[in-house]
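Here chain A shows up in two complexes: once beside chain B, once beside chain C.
And now, the complex of A and B:
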């Protein structure tokens, strides 16, 4: 039985903690500067300005989301190292609540950061092209789905590894997840296994279509996001099982 | 109902992939700690004290055996509702202020806001941190960290307080204050279970102690029953040469001190015989003084005996272990 009060307590504390990370503000400020400078692309893109702006916008959202999502690996490891986890888990707090609280705290940060950057990009697009480009929201939403999966992957690896291996493995899976179609073509062996197990980040990548003004229906985008959420739930379930068996020495 | 109870509690680690090495951290621990006592959990480094404490609190899964806290099995998280815990060398949530951290602990115990606020103020006053409510924990000294650690352990007004090396990092004043707090908890009927290397403090504070050596409990019981009367000193006003000659082979030393004869015996076994000889010789005993063994002496004696019996080097007699070197129990 999941006690939402316990989970929310950990979620709020995690959010407070990651919010106090100074490097995050530096990153956000840099990204917002890049977004602000996006209208300079006019002179550089030889007529393909919109495609490039969608591309770079999606890249910026991915960068912010990825770095925010990866914070979960460092946060859990730090809690264990500083014995905060020992103190909290020696109280009547379930390990699953702790881990899910961590996930939701960082997922909330990912959501806020992606929303902030999206608003900035949407404003620039509005300024450059006139009128609101609502289809960019599809890029933002699908990227958000990817980053929720990244956060869940981070939780999974942090549940049994220390911070650096956990963060590196998360990045490796993120990269391999974008090579899903390549893995699908490798008929047998480890490629086939990875194809069956790894998350398919290609499913959530619509920036090329939208940048080239190829319409994507909201239904497809939402289905891709549902895939990301279901996959994340599976990852979190596995994480709670692994973490419940871990000796917290 | 015991405050802490374990039956055959065992933890074995298996390390290494290619050639797995078995490491016995704790072996068949049977322990009963009655409520309302201060129980000292002793042992050299690597004896298994912290492993036991972490198993009791559900942080480490036992390989076999079971444990109970206030009658509830250790795997049941509700068992920890009435328990407070201070880990060894904690650093806590450095980004929170002391009051925010205690508030977080209160939330985990599902306390309402008013209760949390009240308990936070009470706990900060108890550990001498009033006025530091807004200070970030990252700015705390080692001693202050121990104090805030104790405050969080007592936040839920627990019936059982488990402290892992609570005296570490405290100056003499801090140690005195901590001892006062532990005595106060005892007066309130609470059970204190703590590990420490400072044996003089343990002897002073604890009702009962348990001593672990290389994963095995080698002595357990009330302190006064464990430490032995080591020597006996009889003082008599007069002592004839005849009686002195009879007593001499039985005594460790016979000396003259301030118009009194002092007869020192190695232990109590010969006390009755010497007393009879004195009585027969007409020498009245003025005073009998017993030299008690300290807990530290008892501890060293037990560890040395147990180590020799099990074929391990006696700590202190061996070259210092390299940092990180693991003690491996040979399981045959």
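And now, the complex of A and C:
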């Protein structure tokens, strides 16, 4: 019924194209150097270097994921500008397959990058703390979830905008999406509804709790990841609807 | 383009939105509300989840700034207050920032310093005794002109005294603050006795000779301090009562004074595990002593065999096995 071969092709070409970028590996290496360098900051932080290492690790995972996820907006825009895949886009279901292919390609890239950085940071943390910081996996997993959501957002905005506005809008929503906590605290029903409907990155942000060793249960982290995946489905559905109406002549 | 894709997409959109709504409520409720508030700080909007990482930069810059100040003038204190406030918005759990900040500005701006500590205390997440202790210290040392602030200091020190792992001097500071507002010496004596016994019956049994176990009496020093205070205060209460008794004619008042003397004696001797204590300085003396080893006051001897005169610590004479009254 649904021919997914086109989708897989798009997916594969997308991530191989991006994985070939050398600057990516340079970025990953420098991230690990930065985290490791926190060890030297004993005096500057007044003995807070372990926390610095953990928190900068969490922040850098976010940055790497964000940069990888945002690539989807540039990639889609370039395809459309260079009129690549026009044949596919004219097929029935072709546009949906195209977007999904792009999404999975970049999501794959996001996953690989986050996994690589996580392994590196876990090793550095092990060396600094003298034991495995397993709760860092919670940071990594929840960050991965939010980056999947960022990728889906990127697909959504790229489906009707050119690259720069799409990337900027994705970033803006990412930043604002971390600030909805106050909506949940407003007594008004409209605030609570918005809290649930808007893309909510607060739900996926455990960096402060974990950095302060408050601890978060795995159940909540996994639920947050499921939320990210389900919300991404919503974003992708909306993208397909919008993209199917777009004039690509 | 067929309309097939959008229709399926619309259905999927609605279903996934509803599911994600339900999930978001569950996640929000599943997280400890205090920790969410703590972690987010509430005031650090637009930091995109980077607030904890940013707090390190704020902290390093603050250390540099402070290092460059030889003296904290009121103007500099204002700058520091703002920086510490921002820093603790980024990381509301940063206990050291509150403490350092409060101490930095405590001398020039004690009220602001207490505000900073209040921010941490109201959070209720930092289980450190140091923050309320610092607050009590600043309230006492800098603001004691207003008696209202003594009450404030007491509130802080009570928090500190009830926090886990606090050292014994926190508790003693609490007593000394409460002694300042106590209505008479009997109340102060009570505070010290309570501190000394620390709610541990075993300790009372072992009295002044035993080893302290847990509670407030973690070291020999605090035990000695407490016993000294108890002896001194009971001596002072009894001396005052006895002086009053000499001039007092009213029988009901005499009775009350006599009761105070005997009660205080009882309390003091209980603290020493029921051993005999000198009537003048309220310190215990040993079996066979005829004069207080502390001040030479003549005392009623005990532990002397009625038959052979041997001094014994136990209930029976070690020479002739005659029972000896304790």
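Here, the second predicted complex is superposed on the first by the 215 of 249 C-alpha atoms of A that agree within 3 Å, B and C clash if a C-alpha of one lies under 4 Å from a C-alpha of the other, contacts with A are read in each partner's own complex, and residues count from 1 in each chain.
Note that contacts are C-beta pairs under 8 Å (C-beta built on N, C-alpha and C of every residue); 3 or more make two chains touch, one makes a residue touch a chain.
Just so you know, these numbers come straight off a predicted model, no measurement behind them.
By the touch criterion defined above, A:247 lies against chain B but remains apart from chain C after alignment on the C-alpha atoms of chain A. Contact with chain B, but none with chain C, is seen for A:17 once the two complexes are overlaid on the shared chain. Once the two complexes are overlaid on the shared chain, A:237 sits against chain C while remaining clear of chain B.
Judged by the touch definition given at the top, the superposed model places A:6 against chain B, while chain C stays out of reach. Touching more residues of chain A than its counterpart among chain B and chain C is C. Residues common to the contacts of chain A with chain B and with chain C across the two structures: 92-93, 245.
Interface residues of chain A, counted against chain C in their complex, comprise 41, 44-46, 48, 51-52, 55-56, 58-59, 62, 92-93, 95-96, 174-176, 178-179, 181-182, 184, 195-197, 200-203, 205-209, 211-212, 214, 216-217, 219-220, 223-224, 226-227, 230-231, 233-234, 237-238, 240-241, 244-245.
For chain A in complex with chain B, the residues that touch the partner chain are 5-6, 9, 13, 16-17, 20, 82-84, 86-94, 245, 247-249. By the touch criterion given at the top, residues 50-51, 54, 57-61, 77-78, 80-81, 83, 85, 87, 89-96, 104-105, 107-110, 149, 152, 156, 162 of chain B touch chain A in their complex.
Of all the residues in chain C, the ones that touch chain A in their complex are 1-2, 4-6, 9-10, 12-13, 16-17, 19-21, 23-28, 30-32, 35-36, 38-42, 45-53, 55-56, 59-60, 63, 91, 93, 96, 125.
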